[in-house]
Structure formats: structure tokens, C-alpha cells
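What follows are several structures.
Each of the next two complexes has chain A plus one more chain, namely chain B in the first and chain C in the second.
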Partner chain A sequence: MSARLSAIALNTFREAVRDRVLYNLVIFVLLLVASAPLFSEISIGMERLILVNVGLSAISLFGVIIAIFIGIGLVSKEIDKRTLYTILSRPVRRWEFIIGKYFGLMLTLVVNAGLMTVGFYIALFVTDHSVKRADGLMLVAIYFILLEFLMVTAITLLFSSFSTPIFSAIFAFALFAIGTFADDLRNFAGLAHGLTKWLSTAAAYAVPNFASLNVISRVAHDQHVAGTLVLYNSIYALLYSGAVAAAAVLIFERRNLK
Partner chain B sequence: MRQHKKITAIATVLLIVFFTGSVFALRNVEASRGREATLEDVLYLPSSKTIKRLSLGYSGLLADIYWTRAVQYFGAKHIKHSQRYDLLYPLLDIATDLDPHIIVAYEYGSVFLSQQPPDGAGQPDQAVKLVEKGIRENPDYWRLYFTLGFVDYIDRQDPKSAREAFEKGSEIPGAQPWMKVMAARMAERSKDIHMAAALWQQLLETTTNKEMQKTARLHLASIQADHDINELERLVRMYEQRTGSVPKTWQDLERAGLLRGTPLAPYGEPYVLKNGSVEVQDATKYRYLGEWRYNEEQMY
Partner chain C sequence: MHAIEIHNLTKSYPVGFWKKQLRPALKGLTLTVEAGETFGFIGPNGAGKTTTLKLLMGIIFPTAGGATILGKDFRDLEIKRRIGFLPEQPYFYDYLSATELLDYYASLSGVDAAERKQRIPHLLEQVGLGDAGNKQLRKFSKGMLQRVGIAQAIVHDPEVVFLDEPMSGLDPIGRHEIRELIQSLKDAGKTIFFSTHILSDAEALCDRVAVIHKGELRGIGVMNELRSSATGNVEVIWEGAGALERVGTLVTESHVTGALVRAKTANDKLDRLLEALRQQRARLVSVTPLQGTLEEYFLAKTSEPETATV
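Showing the complex of A and B:
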């Protein structure tokens, strides 16, 4: 089972790496991070702040774009090329295909984020000319960005398991946008009464909460991130992604591929 | 087939367990974040011009979002009995810049702004600024003049400006006749308890907002209690002049022919007579008690 999963995951990774769009995005992000010190030339005393905000936001945003644009084609591309039938005619189960694809895309995103992080730290060193203790805080923000990718990838995979690529992209972007405003939704639920409160609370728990995973502005000001938040965010992201991946498996298991 | 069913069952169980777990995990995340997880005191973009350009033509939708955000901001602060509402006016200003015809934002927003903390922002001047903007953008909507007169009279205690507002509003086609009455009463009197009661009564009758109705009822109860207490204390003084002693119970006043029965406060409980002065039993029910006492004394 693990051999089949890793084979699908590695193939997904290889396929993504061959994708030129992916390279373009990585180069773009690296250029953006490298140009951050230039942005700071036009402001006063905010070089580091601008670099951290631009760099980490770019890693997050471009990672999400990569996750969605590759994720939407994971299933449909295999159906269009008819390679899915070849894969499933072998001793590979449908759930192994879905989970293997999920791991493959996550591997791609982790490698990408890793490359971007290296570029980001080089830019940080160029700006500061030294390594500070607070620089380690950036890793917490990057870890949270990876948790964000974990959830976005699962969501994209869920939509791609039953919908067309274009609609999967629209749904995934919409859910990502809603998830970034999850705090507003929670506050609305807190202030509402009766049925509205019940419905808005249910919606607040059903949509992904990306707001709690965004600590970019906090680490940009060298503020500490609580250990409990790291722990609970990790548990939350794993469980939510697990639930969404299980839903994707459930749908794909019942899908008529004829 | 059996394998397929087994996988479906496992995936269903995992979906339920993981999702339930994620709900509990999210609760812990929120507890860890504490204050940070509440509505942030951040405007994001302070310039309505920038927001309008970024809206790609959907400025009406953004106005609705900003108005909703203003209501949520006010509600969240109000629940906590906050003394500061720093972002309230900027949020309302942006919402009305994005959609100048969003009448509710002027009407309710001005009341949110003008009420004294913790009931509101305690910024009557900003409230007037907001309503005046509403009048400029919606000159045919006479009710905004009523709102302006209301804020001018009740919160800014400026009956002259209130009279002007009511008068201008009464001249707009379709305006209710009582706008003229309001203008006339404003011209006659300043700082008048009856006028205040009439204004709150008008608001109670015209608004459909439950919070505003509640506020109006609170004011009306306090105004009524103020009026009653003034009247009862006048009777107590009359009793003292007649008998040379302070009445100990309401029956003393009854026996002197000054009163019929035990006087009841607006919520139905009897007034308390203590050492010659009159009080309500539970002052928390009459939050605005005393505001009009001095003004009415001027009238008598």
C-alpha cells in the first residue's frame, strides 16, 4: 500500500516539477523577495518590516496559487489523458490514487516553499547584514503557511474529485477568500441570535479558518507566537485536511468513471 | 464490491471524526489567540477613494460590507460597555462614501455616534457631520432632517439648530405634519422635558430596530420618572409648608389630600419616599434618571 501511495505521490511531484508555470512562479517569487530591499529604499526605517511582509505574503499567496492551479488538474488531467484507467486497472485503489495525489502535491509545495524560504532568508541577510534571533520566528510563520497549503490542497482535491477544473478553481479560491475572513464570520456568529446564530456558527466551523494561520504581521514585528497556538493550529489543520481528504475519497469512490 | 463498501464506510467515519475533531481544535485555537481573535481595531484601508478604485465598480457591495462591519464593531463594543468607539465614524464615513444613498447608515449610524458611552460613541458632532452628509446626498429624504434635529436637541442640547433642522425637513414634500410641530415646540422652548419625551416617542413609533426601540423606552421611562419625582417632591414641599414636618409615608400625603394612592413608577413599582426626597426602587432600570430634573425645575 505504502509503495503504491509513494509511487503516485512521486509521479505527481515529478509531473509538477516538469510544469513550466511552476518554475515561472518560483522565479517570480524569488525576484519579488530579492527586490524587497529595493522597495524599502522608498520608505524610511522599514526595510526589514517590508521585506518580511512582502516575502512571507508572497510565499503564502503564490503557494496557494500553485496548490489551486495544480490541484484542479490532478484528477481531470488523468481522466482526459485516459491514464486514470491504466492506473486503476492495476492493483491501485481509488482512495490510494486520491491520497497519493494529495501527498504528491504537498511534496511539491513543501519543496517550493523550501526554495522560497531559502531566497527569503538570503534577502533578509542582505538587508540586515547579520542573523538575528528573531529571524527564527519567521519559521513559525512559514510552518503556518505550510499548514495553510495542507488545507488548501485538500480543498482543491475535494473539488477536483467531482467538478471541472475551472469550477474547482473558482470554488477553491472562493473558499480560500472566505477562510481568510473567518474571524469576521466568527464575530458575526457571536453577535447573532436564534437561527442566524446557529447557522452562522455552523458556517464558521464548516469553512476553513485561515485567519488563525496568518501570523505574518506579528512575526514582522518580532512578536512571539504562543506554543499552544502552534500546537492547536497543527492539530486543527491536520484534522480539517483529513476530513476534507476523506470527503474527496468518499466522492471519488462513488464517482462513475465510465 | 465489499472492498468498495468498506472504504466508503471508513472514509465516512474518518470524515465525521476528523471534522468533529477540527471543531474542537478550532475552539482551542481561538482560546489560544484570545483577544486577537476578536474584531480587530483596524481599518485595513482608511481611504474611501482607494477602496472605491479597488472595488472594480462593486462599490455598493463594499458599502454594504463596511456598513455591516460598522454595525458589528458597534455591537461588539456595546456588549463590552466600551468607552471608546474610535473606528465607528471612519467606518460609517467609508460606507457612506462608497454608497451615499445608504440611508440606514446615516439614521442608525448617527444614533450610534451621538449616544454617550457606553451606549454610544459620545460623538454628537461627528453624528451631525454624518447626517449633514446624508442630507447633501439625499436632499429629498425628510427623515434625515428629523434625525439631525434629534441629535441636535437630545445630544448636543442645541434647540436652535434642532428647530432649523425640523423646519427645513417639514418643507420637503411628503414630510409628516408633526415635523412642523417639532419645529414650533423647539422655537418655544429650550431644554424641555416634554419635547424630549415627544422626540423619543416619535422614534419609538417610527423605528423598526429593536435596539433603538429599547433605548427609546429606557429614555421614556427615565423622563417619566424624572417628571413624576419632580411633581411628587413639589407635593412633599407643600406638605412641609402646611404641617411643618416631613412626611414619612405616602399615606401622610394622602391624609393631607395631596395625593390619591401610592404613586407608581413607569415599570409599575412604587416610588420610595425617604427623608423628604423621592427615589425609584431600582435606579439601574432608569439609566437616564436625573438628566432632565434641573431643566424641568426651570419650567416650574
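Showing the complex of A and C:
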């Protein structure tokens, strides 16, 4: 089982790496991060703050774009091009295919985020001309970004398991946008009454809470991130992604492929 | 033990706005294939051939019925190690080289790394791609892709190989090469189940054929018997075109080339025809019993009414 999972994951990774669109995105982000020191020209004394905000947001946003744009084709492309036929005629369970694809895309995102992080730290060093203790805080924000990727990829995979690529992209982006403002939805639920309260509370718990994973402005101000938040966010992201990936598997297990 | 045993395999698709109506794509298919046999599954486009193969491969799920392959349920994961499949007009990951693709598929089939390393170069040689192993598949011609397709179907040395329209879309040279490859699999003792709508391919390779039309099995024929079976007709050739007018009622078809007449007659009319030709002083050249062809069998079976049973 693990050999088949890793073979599928590595092939997914290989496809992404050989995809030129992916390189373009990575180069774009590296350029963006590398050009961050230029902000010091227009924001005297605040260059570190702006660099951290722009750099980490870019890592997050471009990772999410990669996750969604590759994720929507993970299953549908294999069905459309009928490459899935030659996979399912082998001793591969359908869930192994889905989870292998999931791991493969996550591996791609982790490697990309790793490259971007290296670029980001170089830009940080260029700006500060020194290494500060607070620089380590950025790794917590990047860890949360990876948790965000874990959830976004699972959500995209779920839509990809039953919908067309375009609808999958729309649904996934919409859910990402809603999840980014999950705190507002929770606040609204707290203020509402009756059926509205009930519905908005249900929606607030159903949508992914990306707001709690965003600590970029906190680390940009060199503020400490509590260990409990790291623990709770880790558990939440794992449980949410696990549940969504399980739903994707359940749908795919029953699907008649055209 | 049969290599493949299909029992009442049925597939219907829901149609209409409410999806309450069922449109049958395959109606209760029952057949067996012997070990080591090359079995042709022939039928026109849309007959249900690909549906059958997709059901057997677990790509779609049957509405009713089932199958056993090598004595085990067709969904058994262990069985999938022992079968190979080439889909119709296959597309492969074109960012991979032929070697990478075969390595990927072999690893999914449980072939260990050392064996893969040893087997893949040999296999590429076998399918005539010995010098194209490191070339990306996006640079391959259709014929080369089809050969890679056969290679991926046998990379794990399966006992049963399923091929869906393996010659479709190929030029005559490509078709010949694939035919040779299938023949080599046959010589190696593999059980081959292949679907085609090209009758000459089936005629050249198959031991037995099944005719499927509109989702129904219309008949199963043994190729040798089909070839040797008398059609009930005889071809008679004689010299003396003038005699044709007198014997016109005894022949069903005739062609005149100069003084030579080539005519077809039923067996029971042969004696009377020969007697009449003698009376007309025509010179008899040859009398040949006409043998059956797969085409005749196919046309006879596909023209039967839809409700016909096997």
C-alpha cells in the first residue's frame, strides 16, 4: 500500500515540477520577495514590517493558487485523458489513488513553500543586515501557511472528485475567501437571533477557519504566538483536512468513470 | 479452469431529467474464455465492447452480474496483479519518458525495483522502442504510443491481457506491428481478450470470437470452424459465356470476363448446373465449395433482431 501511495504521490509531484506554469509562479514569488527591500525607499523605518507582510502573504496566496489550480485537475484530468483506466486496472484501490494525489500535491506545495521561505529569509537578511531572534517567529507563520495548504488542497480535491475543473476552482476559491473571513461569520452568528443565528453558527463551523491560521501581521510586529494556538490549529487542520479528504474518497469510491 | 468467466454482466445508465429511466449499455453478457486462448470481442462502434472492458477493469460498476478472472472475483486486488489492460486510444503522462512510465506502472503492479530495472529495457526492445526509452512521450508518434501502451499492459508479466481496440487509428504499418506484438503474446501463452471492430485483425489473430451488437451477445464462433464451415454454396467457373443464358435460373450470382464465367450456386443445384453445362458443351474450369468468413458470420449475427438470444 505505501509503495503504491508513494508512487502516485511522486508522480504527481513530478508532473507539477515539470509543469512550466509552476516554475513561472515560483519565479514570480521569488522576484516579489527579492524586490521587497525596495519598499524601504517608500516606507522609511517600516521596511521589515512591510517585507514580512508582503513576503508571507505572497507565500500564502501563491501557494493557495497553486493548490487550487493543480488540485482541480488532479482527478478530472486523469478521467478526461483516461490515464486513470491504466491505474485502476492495476492493484490500486481508489482511495489510494486519491490520497496519493493529495500527498503528491502537498509535497509540491511544501517544496515550493520551502523555496519561497529561503528567498524570504534572504530578503529579510538583506533588509536587516543581521539575524534577529524574532526571525524564528516567521517559521510559525509559515507552518500555519502549510496547514492552510493542507486544508485548501483537501477542499479542492473534494470538489475535483465530482465536479468540473472550472466549478471546482470557483467553489474552492469561494470557500477560501469565506474561510479567510471566518471570524466575521462567527461574530455575526453571535449577534444574530433565531433561525439566522442557528444557520450562521452552522455555516461558521462548516466553513474552514483560515482566519485563525493567519498570524502574519502578528509575527510582522514581532509578537509571540502561543503554543496552544499552534497545537489547536494543528489538530483543527488535520481533522478538517482528514474529514474533507474522507468525503472525497467516499464520493470517488462510488463514482462510475466515463 | 476458465481464464475469464463472465456471468450475466449488465450495465444500464440512468437517463432523462429525473434519471428514472434506464438505458441498457450491456444486456446480461455471459461468456467464458479458456486459458491461453486469443479471444476476439467484435462488434460495431457503440456495441458495448468498451463498456464490458471498463466493467471488468473496475472503472465502472455493473448493474447486475459479475465475472471471475483466473478463478477469482474480478474486483479482487490480487487478480489485478495478474492482468494487463490497454484502453482504447490511450493517452499516457506525456511529461514522462517511456522508461519512467513503465517504471511507474510496474511499481503500481508490485514489481520490485531490481526487477523493474532489469525488465524494462528488455520490454522496450521487445516492443521496438529500445532506443526511445529516454524520450518524453509527448514526442512519440501514435504508433509508438500504442506500442508503449502494449508495453505498460505487460510490464508486470500478466497472465491475461485485455486490449481495447488495439489497432484503432493506426496506419497499415502500425497495425502490422501491433498485430505482430499480439501474436508474440499469443506465442508466449498469454490469454488475450481483445475488442475490435476490424474483422481482419480478429480473423488473423483469434481462436474464437464473440459478436456483440446493441449490448447483446449475438454469438460465439470458433475461427477454424468458421473458416472451414461450408456456406452451402459452390463457386463454379466455366468457359463459354453463351451457356449462362440457359443456366441462369440455377445460379445466384455470376460474373463474365471474356469467355470465362464465374458463378455461385447452391449445393443442391450443383448437379443440375453441371448437367446443363455439359449439354451446352461449356468447358468446366473449376468447382470450389465456398468457405465461411468472419465477415459473413458477423453480418449474419448483427442483422438478427435485437431480442434474439444466443
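The working rule: the second predicted complex is superposed on the first by the 257 of 258 C-alpha atoms of A that agree within 3 Å, B and C clash if a C-alpha of one lies under 4 Å from a C-alpha of the other, contacts with A are read in each partner's own complex, and residues count from 1 in each chain.
We take it that a residue touches a chain if its C-beta (ideal position, glycine included) is under 8 Å from a C-beta of that chain, and two chains touch if they have at least 3 such contacts.
Predicted model only: the values in this text are computed from it and were never measured.
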Checklist entry - Looking at the overlay on chain A, is there a clash between chain B and chain C, or do the two fit? => result fit
Checklist entry - So, does A:R18 touch the first partner chain B, the second partner chain C, both, or neither? => result second
Item to check | chain A-centred angle between chain C and chain B, computed on Cα centres after superposition, in steps of 10 ° | outcome: 130
Item to check | Touched partner set for A:T83, first chain B, second chain C, both or neither | outcome: second
Next on the checklist: Quick one: is A:L239 in contact with chain B, with chain C, with both, or with neither? Answer first, second, both or neither.
Outcome noted: first
Next on the checklist: Going by the contact rule set out at the top, does A:A247 touch chain B (first), chain C (second), both, or neither?
Outcome noted: first
Next on the checklist: Under the stated touch criterion, which partner chain does A:N256 make contact with: chain B (first), chain C (second), both, or neither?
Outcome noted: second
Next on the checklist: Let me test your reading of the model: by the given contact rule, A:R93 touches which partner, first (chain B), second (chain C), both or neither?
Outcome noted: both
Checklist entry - Which holds for A:A3: it touches chain B only (first), chain C only (second), both, or neither? => result second
Item to check | chain B and chain C, minimum CA distance [Å, superposed model] | outcome: 7
Next on the checklist: Need the overlap of the two footprints on chain A, from chain B and from chain C, as residue ranges.
Outcome noted: 93, 254
Next on the checklist: Looking at the complex, which residues from chain A come into contact with chain C?
Outcome noted: 3-4, 7-8, 11, 14-15, 18-19, 81-93, 254, 256-257
Checklist entry - If you look only at chain C, which of its residues touch chain A in the complex? => result 54, 57-61, 77-78, 80-81, 83-85, 87, 89-93, 95-96, 100, 104-105, 107-110, 152, 156, 162
Item to check | Interfacial residue positions of chain B with respect to chain A in the complex | outcome: 3-4, 7-8, 11-12, 14-15, 18-19, 21-23, 25-26, 28-30, 32-33, 37-40, 68-69, 72, 75-76, 79
Checklist entry - How about chain A: which of its residues touch chain B in the complex? => result 93-95, 183-184, 186-188, 190-191, 205, 209, 211-212, 226, 228-229, 232-233, 235-236, 239-240, 242-243, 246-247, 249-250, 253-254
